[in-house]
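Going in written order, the chains are labelled A, B, C and D, and every chain counts its residues from 1.
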Amino acid sequence: MQRIGVFVCWCGSNIAGTVDVQAVSDALKNEPGVVFSTNYQYMCSQAGQDMIIQAVKEHNLTGIVVCSCSPRMHEATFRRTAQAAGLNPYMVEIANIREQCSWVHKDIPIGTEKAIILGKAAVAKVNLNTPLTPGESPVTKRALVIGGGIAGIQTALDIADAGFPVDIVEKKPTIGGKMAQLDKTFPTLDCAACILTPKMVDVAQNGKIRIFSYSEVTDVKGFVGNFDVTIKKNARYVKEDICTGCGACVEKCPMKKVPNEFNLGMDNRSAIYIPFAQAVPKVATIDPNACNMLKNGKCGLCARVCAAGAIDYTQKDEYIEEKYGAIVVATGFNPISMDKFDEFAYNQSKDVITSLEFERLTNAAGPTAGKLLRPSDGKHPHTIVFVQCVGSRCDACAEKGKEYCSKICCMYTAKHAMLTRDKYPDTDVYVFYIDVRTPGKNFDEFYRRAVEEYGVHYVKGMVGKVVPEGDKLKVQASDLLSNKQLHIDADLVVLAAAIEPDKSARPLATMLTASMDTNDFFTEAHPKLRPVESPTAGVFLSGACQGPKDIPETVSQAGAAASKVIGLLAKDKLTGNPCIAHSNELMCNGCSSCERVCPYGAITYEDKEFRMPDRTTLVRRIAVVNPAVCQGCGACTVACPSGAMDLHGFASGQIMAEVDAICK
Amino acid sequence: MQMNEYKPLIVAFCCNWCSYAGADLAGNNRLNYPADVKIIRVPCSCRVNPMFILRAFQRGADGVIICGCHPGDCHYTSGNYYTRRRMAMLFSMLDYLGIEKERTRVEWVSAAEGAKFAATMNDFAEKVAALGENKRLEDLRCKR
Amino acid sequence: MKVAYFPGCTLKNKAKQLDDYAKKAAEALGVTLEEIEEWQCCGGVFTTACDEVATKLSSVRDLVAAKNKEQPLVTVCSACHNVIKQTNHAMQTNKEFADKVNRYMGEEPYSGETQVYHYLELLRDVVGFDAVKEKVVNKLSGKKIAAYYGCLLLRPNGVMKMDDPENPTIMEDFIRAIGADAVVYANRNECCGGYIAMESPDLAKKKSNAVIENAKAAGAEMIITACPLCKYNLIKNGADIPVVYFTELLAEALGVKEDTNE
Amino acid sequence: MNNKYLQEDLLRMSGVNPKKCMRCGKCSATCPAYDEMEYHPHQFVSMVENGDIEPLINSDSLYKCLTCFACVDRCPRGVEPAKLVEAVRLAAVRRQGANHLKADMVPDMLDDETPQQLIVSAFRKYSK
């Protein structure tokens, strides 16, 4: 029989205002097992906690019920108190008489009656509590970063800086991500390459960092501190360790008409290629869909010109298995397809482009060597129309686009407009906006400069239709403030396409059992207090995979994710959650029902010898729960037909006792 | 007029990660719902054994509601899908036990949906109150 | 194969060619268009207000007639097609409206069971453009033809679901199937002015001109349409290239155009 | 002021929820009849939302909408302004003696090629 102490908290007037606390402590005094009952103004205060410790000692208590605020608030506090009093911390139960009673009811008799019932349920549960000890598991001191854009790079550098080894997995042939494609960055207009490429070099030269480029994660098993990850290194048909990146093969490759992804298809590359001059690792890659040698065995020129002998047409995909203690997701974003917005004629004219394509057109390393020229005829455009919010902020019932604001478009459009006016003052630049959103340091000042100093025409309204005719783009738009419909003959139309998470994110989330929102952005453990952690322990979020972000935000989040990873890897052992499933081997009949429903694969089977009453032995198949893997959801307890499976902390008997107490 | 005096007894199973937090949020925002609703915390809605629900009815509960995370948002990835299937199964058989289906419900309430929690409880309490007292597993076929 | 056919008022009058060629060409492709008996005018335009019941009854009667024949209903005129498809959609999705309508209908209630095809959809989804291509005897090679969709064929997309409303291809595919070159231009889904021609001929002129100029700038030598009103507006407002019904070209390509006169 | 009832009536008839509008003006940007209108599609949405309906009912703009549904298809918020314009037009022509197009006006508007469809549609749009 337990000896239970009941402690009713007033929470100032938060509880005492609607609940007669004296009546509650008096009523609970008579419950089975209760040997002591009291109330106090602030149970969570030092004095309140001392009162509990005192009572435990005086009355030899074995269990504690605290009637107070939500267990989400102070369960951990009172468990520490119990521990300080020499009790097992899991002998504490909380009756939530604030959030779920005093705050939602106004009438004192009603509130008091409900508080008593909730208290009785907690007492009934504690009567069946057993001391629990959390398990411990070791931590593999190595981190995995998935995605090699600026988010992944920063996270990896910060983790490596703290002395832990890090691997970066990047599906493209080079790290760098979207930032490598940008020209200048707002609001300071530093050149993206000038601030990114030194970081890429740092990554390459850091002894703690390994880069798996042209690779992807294909399987994740395990749990926090102990992930087993399979990485597929796609065959690039070039020996990475031998290739010097001299580029002779690229020059000689006869197949030169492959659309260049890095320039978004606005120019061509060869079948063997290095994405850009500052690529890391700077090694060539053969595109198997374009290479004649790989397709039909006719060519082999690159192998002949390679002085280092790095070309290997027989290379196969390679699978690498590695253990990690923490995983950081940094899979980034992409602009959405413009197919459903062809009123802007993106598919009908080469001179209607997306903002990312505009970045390449103004980039010195881009297809036009930095000169702003129209893709159709290579002429300098004199009138440019920028359209904001293409595919962002759409209602779900419009059945196209995204519901969220893509966040970065207002600022990069201001940047594009400003840079255009700066370089080509003879150009007329129109920006059609719904709202200009500039909540960042020096952001609004930047936008105002575009308007006031650079003379960009900002028009409140939207473009309705773009009609390519001759060499012009006839833009029909509204100017809401002057209540006019505008007709502009433009030379170039730039669409600020909404951004969406990379397509690889969804299957990755499934592998990691990390949750996602309806837009396929990863969800954070808490939107305000745990913004860089996924609800899945050991999985962290960095950059735009969690939501649209600009570079400064991405870098700060990347650093935050790194610090969380370092905090985890610095530990030698992790304490688990003791509220996990366990199987009664005498009742288990080895039917596998529990194994099938377990989302974590925590249940395995083993053959165990049982001694029978007649002294024979019987080998039976029974379920065994891996305490380090089980997360304690309880799915198996319901699936178990024989009732062998139960959950510590939320045992069937305990929940039934609560039901009985409530329904009395 | 006795009907007015009658207060239903409602047991709500709430998952720790979404619905229990949603109930806390309803409290934080001081959103009223009937005191007849008593919440039992479970780690996941899939921890709710159909047996618990039958036990509640047997002991005189007038309504039982199970609240979990929205489909796809389960903290344990797939627990609420099990709940959905198990409860659909259980609810379809309740009539045979003499318990009206309307006395049970599964509802998805996220940690951010305090208002939804309160509204759900108000609505459910109203519906259960309209059904009157639970006949405690009385066989409906014997009624006439 | 036999299908129910709804010609519409104008096809029995000012647009007889559209009707005749449609039937002949379909016959050549192995589809018989069976005119539903005592069909009633569709009403010309669909009134989007949900409390407009009487104006939609005639369309429902036509749909019910096709249902009774157990055939899909085919229309040629864009306007009729738009009205009938939207009415059918309302019968499927708006229960309150359907109940009201069914009170006028008597007999068994109708809830949008009839499949409605535009003639072009019939060519694409039932006959198949490849089959059309095989049956072509007079290839219209080298002819640069611009398809004019107007608004009614494509919009509202949620109901019409015929093609991509902003960059449609069904008529271009049709043009290619009969051996000609399709001219793509952005204004092909912009309005010609429609019924505004009655009251504000100037506005209709402006809108029609924008279509014609855009098509010509893209190199069109001819414009095809499925709508008598579009054709009227384009011709009246100074189209200096031929504007013809698509069925006429189809009949010509299939070699069944002769002996179709008045 | 019985605008409240009129407003409710319009919203019910059209099925439009003007509160969804985010004031981007794409409806007016895409409207082919914009220049002929006194009140433009986006104004229909905001004025009906504000209960400022009488000016719309008395405006000639009602008879300029081509019902081409461009605003319906292109609205990023799914507001469907054309349906609202139609509802206001119906509210106007349903008033007694308010038919915008009368039969005796028609003969002057015709020529030899006028398709029936034109007359039928115009009557549907302008008269009750």
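Here is the rule we go by: a residue touches a chain if its C-beta (ideal position, glycine included) is under 8 Å from a C-beta of that chain, and two chains touch if they have at least 3 such contacts.
Computed from a predicted model, the values in this text were never measured in an experiment.
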item	value
Interface with more contacting C-beta pairs, comparing A-C to C-D	C-D
Gap in Å, rounded to a whole number, between the CA centres of chain C and chain A	50
Between chain D and chain C, distance of the C-alpha-averaged centres to the nearest whole Å	24
Inter-chain centre distance, chain A versus chain B - centres from mean C-alpha coordinates, in Å	32
Separation of chain B from chain C, taking each centre as the mean of its C-alpha atoms, in whole Å	54
Numbers and ranges of chain C residues touching at least 2 other chains	166, 190
Contacts with two or more other chains, residues of chain D listed in rising order	70
For chain A, residues contacting two or more additional chains	343, 399, 465
Interchain contacts (touch definition) - all pairs	A-B, A-C, A-D, C-D
Partner chain C, residues of chain A touching it in the complex	339-343, 345, 347-348, 399, 465-470
Chain A residues within the chain D interface of the complex	343, 389, 393-401, 434, 460-465, 476-478, 480, 483, 485
Contact set on chain A toward chain B in their complex	70-72, 96, 98-101, 103-107, 110-111, 113-114, 117-118, 121, 513, 515-516, 518, 523, 535, 579, 597, 599, 631-635, 637-639, 647, 649-650, 652, 655-656, 658-660, 662-664
Footprint of chain A on chain D - complex, ascending	20, 22-31, 34-35, 40, 42, 70, 74-79
List of chain D residues in touch with chain C within their complex	12-15, 32-33, 36, 63-64, 66-70, 72-73, 80, 82-83, 86-87, 90, 101, 109, 111, 113-126
